[in-house]
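In what follows, chain A forms one complex with chain B and a second complex with chain C.
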Partner chain A sequence: MNEYAIQKRKERIKFTIVSVISLCVFFGVWYVCTAVLHLKPDYVLPSPVQVVEAFIQKLTQTNPDGATLFGHIAASLQVALTGYLLGAIVGVPLGIAMAWFRRIDLFVTPLFDLIRPVPTIAWIPLMILWFGIGLGAKAAIIFVSAFVPCVINAYAGIKQTKPVHLWVAQTFGASRREMLFTVAIPTALPLIFTGLRISLGTAWMTLCAAEMLASNKGLGYMIQLNRSLARADLIVVAMLTIGLIGTIFTVGLNALEKKFVKGGRRG
Partner chain B sequence: MKKKRFDPEKTIYAVVAIACFFVLWWFLTTFTPVKNTTPDPIAVLKLLFESFYTPIGSKVITGHLLVSLRRVLVGFGVATVLGIILGIAMGTSKWASAIFKPIFELLRPIPPIAWISLVILFFGIGETSKYILCGIGAFTNVTLNAYTGAQNVDPELVGCARMLGTSERDIFFRVVLPSCTPQIFAGMQVALSTSWMAVLAAEMVGAQEGCGWMIQRGSDTLNITLVMVGMIVIGLVGMLLATLMRAIERRLCSWNIMEG
Partner chain C sequence: MEHHGGVNKTPIISLDHVSKTYLSVHKTNEVVRDVSLDVQENEFVVLFGPGQCGKTTLINLIAGLQLPTSGEVKVDGKTVTAPGPDRGVVYQTTALFPFCTVMGNVEFGPKSRGVPKKQRRERAQYFIDLVGLQGFEKSFPNRLSGGMRQRVGIARAYANDPKVMLMDEPFGHLDAQTRYMMEEELEKIWQKEKRTVVFVTNNSEEAVYLADRIIILTNTPTRIKHEIKVDLPRPRVYSDPAFLEIRRQIEEICDDTL
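Moving on, here comes the complex of A and B:
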């Protein structure tokens, strides 16, 4: 190992320690502000210890919001995954079709542009009206939120296929279909995955909103209900759980992307 | 960006598609059971025009829009400034990155909407909590993009400037900052639409005015026409904001327009 590498390594260790200290300070300040100084009452800002206690309690107890933490997670996951998968299954092929077939592009794009600027959250009342407040409405809302980025990215992905590649395929006698499946779609895959990742993020965010407005189970509901009960510790538990699950999703999708996408990552 | 030439086929298809959409909507809401729940397009358009002079709640529609816009712009503006500073600091200095990145990464995955309850408990349901929610929505996006932008500055450019004797301050303002501007703008685009979404959610959960409140009120009083009017207006304003951002971007980074 040469000197440069050793120095590099030392530096890395140093900054890791700084990071750890910074996190400790963050939690320390939080703890001092709440548990020692009581700057804000407990029901507004709980101390980290209370949050951990609430978390452990919530693993087994159903009070006060009617389900254990796992119950809420399961309810949220069911809704989110149903809507998300439907959105991806419909959105990606639609985006590909829009980019590949000129007629579909001309016909569907104006409609899509009409729907797209409306934020998903604005759909909530309408969806509740159409589908009731059960799984259907929430899945439909998440469907909309996941659908839009999937379409946009699949569309952009196919559109960025280099004409030269298509000409080569054509010269070697590939059919239109072969060109789509062996040239255009592999080119679009990185962007399609970007779309999947973005839509997972928006889907997960929309889920919270949907569950806050109409639900009786789920992490968003947990946040909403515990506000009216002034149990800030449980709110923080739910928030951190939402963040954690979101992170797990992102990591999982990145792993999938690495497995399926050939060549370097672009865009 | 390529200048689009007028394409008659495209226009015809667009007109036909949108006409189909409205006809289908009208058909469904006139002749099928859907009409029990959903108003027809004519009723929606009528209410849209009426709402410009008939107040909904305390204000006419433009009033609600301005309220929502003010909330978004205040939150977005403050968060953007903070986000750019933090992001660039993290991207250029290892110390800043070591100190702030773990905390940022801990809080980043929590969607802005999940903050609503805590923010309301903390600041009440007044204006402050709405500003903060819009701010949270914008902050993470801007910070993340400023960070990646500052990190990906071509080291060759920085080295080149340094070799030619540029002061560190000039390197920052003339090399680092311009080269991450496009990335920052990409972040601001996303941030603005996230803010716009966050304000709606915040207003739907607790407010007395604003676009989100309008929708929620329509839903509470089973006035679906009002909900749809709200959706249309919100969509239009969202589109307008995005266009505006893109125009500013084109002005400021004319040397590096990202495709889109």
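Moving on, here comes the complex of A and C:
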């Protein structure tokens, strides 16, 4: 056990070192290509130093895109979280209900199968027509993108319930309703979390697409506007911010999953 | 040394000309044909039959998870129409809830029936101790060995306080050594907490070790081919000549063409 702990720790240290080296190599190559060799003009490919400078400026300045970095982050987060949470709140229960109740399955599944293959960005024009370019349209698009993986995974999770587990519950006198909550949903939980994670990823990606098309604030908008101003340094700042926030989300959701999903991921 | 038997005692389980045919789009599959069987209170009956003959179907018919196509199943005088807490079932290893701890699994039945927490915990703890798993209450099934999982399965069935225990090849997946250990353990538990048991196996050694009475089944559609009473004193010894003689009898009966 102790032996095992030591080995685990060694592995973790190794992993950390390799990760750091990987990032250093990336930034090193980038630095050499730009600041040393000047392969491309600055307005196309800025050096890491310029990006850091732009980042520091952007913490306080609203030039040239109308908001500070935090302003953009807040706008993006508001849209993304509104759409994502709505998608999860509607999608997960719907997926569960579709898998558990035959009638709902029969009624909803054909409709869902029709909507599912429509790419999320195809919804953008219609949503803009309906909701304008404010929070509503973008949240609605994110909603669609988050909703679909939530439904699919919750559905698949409930369908994984083993008949023998339902038999056992039945011999214990559990009603069908009780079986849903004590057997089927716990069985589905790992896949429900998979759905939540996938849809968080798609929601965050869709957000940028939506903001690049129609917006006046947000990280996607920041990228789009600075392209027209040829400010590659600010584009990179926005991109790295998007990546960083996405990573933080994933880490948070993994921690939540660890807390709720017990007894291994073996369905 | 069991004496089951006032002949006129009402049986606790009774199958009366039970048949089961599964219907599907392509074919009808007759699995159980005209099985009649009485099991007395606290009797240990083993259903012994070849693979795929319909043993699980028989267990499910008694459990009420399936209904007979014709005939009647009665438990404790009442016709079986649905599963109920008076019949506990122990399946193969996969039947534990992987998302519940050992305690969660064992108290599942009483919890479903609404037994207050303190009471059901006590009861669950008693059976966890009885099967020798004290200290593992908070472990999840994926951390347990095959033998330990089956102990949990047995404790889980017991904790619901059933009149009848139905066991469907509970040791079928275990290695030989663990299997011997579990047979011995089950016999001890049963001696201490007597219940009526219907136990399915296709291992003649296991059958003779555990049974008061062995019901030998034919291939599908399964019927009762023969019945052997085992009167050897418990705990039985695998190498005892009388033990081996009964095993020989079973094999002889099974070798007989249908």
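As a convention for this text, the second predicted complex is superposed on the first by the 241 of 267 C-alpha atoms of A that agree within 3 Å, B and C clash if a C-alpha of one lies under 4 Å from a C-alpha of the other, contacts with A are read in each partner's own complex, and residues count from 1 in each chain.
Everything below uses one rule, namely that a contact is a pair of C-beta atoms (placed from the backbone, for glycine too) under 8 Å apart; a residue touches a chain by one contact, two chains touch by 3 or more.
Because the structure is predicted, anything quoted here is derived from the model rather than measured.
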Chain B and chain C placed together on chain A: clash or fit? fit
Notebook entry, point to check: Is A:S22 in contact with chain B, with chain C, with both, or with neither (first, second, both, neither)?
Noted result: first
Q.
On the A-aligned overlay, A:W204 touches which partner chain: chain B = first, chain C = second, or both, or neither?
A. first
Exercise. Applying the touch criterion given at the start, work out whether A:T182 contacts chain B, chain C, both or neither, answering first, second, both or neither.
Key: second
Query = So, A:G243: does it touch chain B (first), chain C (second), both, or neither?
reply = first
Thinking of the overlay built on chain A, is A:V51 touched by chain B (first), by chain C (second), by both, or by neither?
neither
Between chain B and chain C, more residues of chain A are touched by B
Quiz item: After lining up the shared chain so the two structures overlap, which partner does A:L126 touch, if you call chain B first and chain C second: first, second, both or neither?
Solution: first
Partner chain(s) touched by A:V168 [first = chain B, second = chain C, both, neither]:
second
Rounded to the nearest 10 degrees, the Cα-centre angle chain B-chain A-chain C in the superposed arrangement comes to 90
Min C-alpha distance chain B to chain C after superposition on A, in Å, is 9
Chain A partner, complex, touching residues on chain C are 60, 63-65, 82-85, 87-89, 91, 94-95, 97-101, 108-109, 112-113, 140-142, 156, 160
As the complex stands, chain A meets chain C at residues 162, 164-165, 167-174, 178, 182-183, 186-187, 189, 261-264, 266-267
Listed in rising order, chain A residues that touch chain B in their complex are 11, 15-16, 18-20, 22-23, 26, 40, 43-45, 103, 106-111, 114, 117-126, 128-130, 201, 204-206, 208-209, 212-213, 219-220, 223-224, 226-227, 230, 232, 235-236, 238-240, 242-244, 246-247, 250
Chain B contacts chain A in the complex at 9-10, 13-14, 16-18, 21, 37-38, 94-95, 97-103, 106-118, 120-122, 193, 196-197, 200-201, 204-205, 212, 215-216, 218-219, 224, 227-228, 230-232, 234-236, 238-239, 242
